[in-house]
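For reference, the structures are reproduced in the following blocks.
In the two assemblies presented below, chain A is common to both, partnered first by chain B and then by chain C.
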Partner chain A sequence: MSNTLQESQGRRGRTITDQDAHDITRVEELSYDLKIADVMSREIRSLTPRQTMRDVFDLLRKNRISGAPVIENEKLIGIISQEDLMKALVASDLSSTIQKYMSTQVRTIKSYEPVVKAIEVFMRTNIGRLPVLDENEKLVGMITKGDITRGVLVAIRKDYQEEEVRRYRASHLFEDITSDRTSLIMRYLIKPGDYTNGGQASSHIKRALLRLGATPQLARQCGIAVYEAEINLIIHSTNGGVLRVQIEPHRILMQTTDDGPGIADVHQALQPGWSTASPLARSMGFGAGMGLVNIQRCVDKMELVSAAGKGTKLFMEIHLRPEEKFKDASNSNEAPGI
Partner chain B sequence: MNLNEIIEHAKGKVLNPSVPTDREILGGCGADLMSDVLASVKPNAVLLTGLCNPQVIRTAQMADVSAIIFLRGKQPTPDMIEMATQEDIPLISSEKGMLDLCGKLYRAGLRSFESNMNGSHE
Partner chain C sequence: MNLQEIITKLNLTVFTTPKDFTLVDPHNGYTSDLLSCVMAGAQPENIWVTIQAHMNVVAVAALREVSAVIITENAKPEPDVIAKANEQNVILLGTSEPSYEVVGKLWELGIQ
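So, the complex of A and B:
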């Protein structure tokens, strides 16, 4: 069994994860957002045309660089590279001036252009470095592939730190706000018969809970309860209804409200397997008569209030166990009636 | 059991290959009724189903299902595939039928994650 497994993994190779895909697009985004000036090296090691090829040799070796701009009267007039140096070495001509070997056809880039411009040049040509000019055509820096990689990595790390801060803030929401009773209320309008988007509200609720620092188990319990309740609104309500979730440090209250058609026999509705769902609802995988039973299993308290011809209210409550409680500023457990 | 092993048994095709399939599956659940899934399944299960609509993905998300296999070659819509990808749930399409694949996986050692109506697991 383990052999087949290894083979199958070998064939499939490493798949790109969601996170990878996210990072790739972010890198692409960054290559447009970042400007050349953000990532270029500002330390310019330049030469003048009347220096010798030996000076080039020393400069490149000492600074471990592969090329340098050539400047005359504060103007960029050429570029000298390792390849030019090799030509001079082969000809045993290190005492000649730079002027003889430098390239004068210099491709440059502007400091205010996006990084993607440089990437395009590096990909299309065999150029390895570009002198960077400002709006006055003055040389202000150099850019290489290495500078771009470094710049993008720094920007991604910053992104990551900002996301961490956001997560941290959400999970400390209740700690940061001092009141006698703090609660977070989320409301969702649920449309009748909307099977395509059904579950979206519950999905948002579950994600919000996880972000606030709920345990996976708690998020799952709440998720299942509100999802069943949301689906009930979609299946049964005449005009849709409201799904309301109130998060407090020590408990979670969930509630659905609709204005009809109401339930004639509430006791019967709570029996496992009892359902009045339409064939359409059944074709969507619902109407097993297990919804309310499921909710009951997930919550500590459930109350169904309804009558035929009237609306229906479903109350659900989960008390948080000590380890599940959202940390709050007061540390007081309950403040009933406030 | 590793999901890749389950995919081999199902001769399944992964429909959203960007989601990693190298994950440990603790048990399985075969159902066409989503409330049955929500009622019984424990986290980190593979769901085998003949039903193919967005609510299958939502149900899986709510119940922390780790992977979904659509039986009898059913094809989810691009929207469903996108939703599952965002929720990090691999979608697999298999030509096999419910009893056939449930039996194969059970014999290969996959535990049932369907609780009985009295709440017990066998």
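So, the complex of A and C:
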């Protein structure tokens, strides 16, 4: 393993790599991004110091909460918890006032502070809930570990929903645009010898197709075809080339173009197992001589145009089956008005 | 047989971020070190056994939607490969054993 990888012993004695650190970032990020006000409960069930411990018992039981703030003249003066209630119960003293049992040294948190502040308090102390004050020191909510967990989960789900929304918007692209022939063209510049980024354009294309509403099967088929075409540019082209994908409601056209070195015998290049890949490419598992064969399997039409010393053009076309077609304005029932 | 049981029984190293592997249920498997063969032969949710550990393994695994990749004979993916795999939701596992042994054991576990 490369020595740039910094490791340290962490959770459950497992080694935490930079990668782990990278992955917890989204939750960490959220704990800084989210403000206390975003996740706190705003429904405050408060008590006054002159109410009795029986009132505490009723309030906690009825609302299934483990503590409540004590308010006097709109000011937070204490907090009363299950533990305080227990003491009163043991002493058979439920008729005493809250004042006698509440804790007056109340740790609070501000509504505009990041959630990570509350996490720090919960981790350092055995406090289970914090009253939340606004900039005028007014009590505006309560926060517990449960509120934080819920808040983070909701935020993560929102991330997920944003992808869903993107998908939804993109899937209406062809419907929203009226023309006699609408196509979406995507171009990717592929560098020669860039094995590390091989497959990146293909995965972008696959994602774009899924967002446009393509079936997973269709997206996979296109993914395989453009992957092989992309890899061919990386392995064989002198100066790289362009991968172009044109999406129309009823078909997908894919094309690669490069300016050399060209293929001397196109017929031979199409034979399964035939490859001119370099030893380096072969050592990485390329050069099986199956690329063009794979493409042919995935597309309805393929054409390879090349000659030694000239560039190479590879055309690929997939006709969409009726159930695969992208919905467009022209085949919708609602004809556009005049 | 879920992926967690496979990881435990074959004593595999987990390169990518651990998650609840009991929820991953590999269907069948595929082995080859030639990427085009994998593109052609592997099926979604297959477990792919290979000695290749470089960046393109992630691209192929993601495009083919395999459930996990077992990298054999102690080949180790570089950190940037692992990062990419995490980003693309590809599970990378490792073992010191050769592909032949691994496939044999998977077969015996019922991944057939």
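Brief remarks follow.
By our rule, the second predicted complex is superposed on the first by the 203 of 338 C-alpha atoms of A that agree within 3 Å, B and C clash if a C-alpha of one lies under 4 Å from a C-alpha of the other, contacts with A are read in each partner's own complex, and residues count from 1 in each chain.
The rule is short, and it goes like this: contacts are C-beta pairs under 8 Å (C-beta built on N, C-alpha and C of every residue); 3 or more make two chains touch, one makes a residue touch a chain.
Bear in mind the structure is a predicted one, so any value in this text is a computation, not a measurement.
In the superposed model, A:T104 lies in contact with neither chain B nor chain C.
With both structures placed on the common chain, the touch criterion links A:T125 to neither chain B nor chain C.
Legend: residue contacts after superposition of the two complexes on their common chain; A:Q271 is shown touching neither chain B nor chain C.
Of the two partner chains placed around the shared chain by superposition, neither chain B nor chain C is touched by A:N63. The contact surfaces that chain B and chain C form on chain A in the two complexes overlap at residues 1, 4-5, 17-18, 20, 195-200, 202-203, 206, 220, 223-224, 227-228, 231, 284-291, 293-294, 297.
Interface of chain C with chain A (complex): residues 16-17, 33-37, 39-40, 44, 50, 52, 54-60, 62-65, 76, 78-80, 82-83, 86, 88. If you check the complex, the residues on chain B that touch chain A are 2, 4-5, 7-8, 17-22, 32-36, 38-39, 43, 49, 51, 53-56, 58-59, 61-64, 85-86, 88, 108, 117. Within the complex, the chain A residues that touch chain C are 1-2, 4-5, 17-20, 22-23, 195-200, 202-203, 206, 220, 223-224, 227-228, 231, 284-291, 293-294, 297. Residues of chain A that touch chain B in their complex: 1, 4-5, 8-9, 12, 15-18, 20-21, 195-200, 202-203, 206, 216, 220, 223-224, 227-228, 231, 272, 284-291, 293-294, 297.
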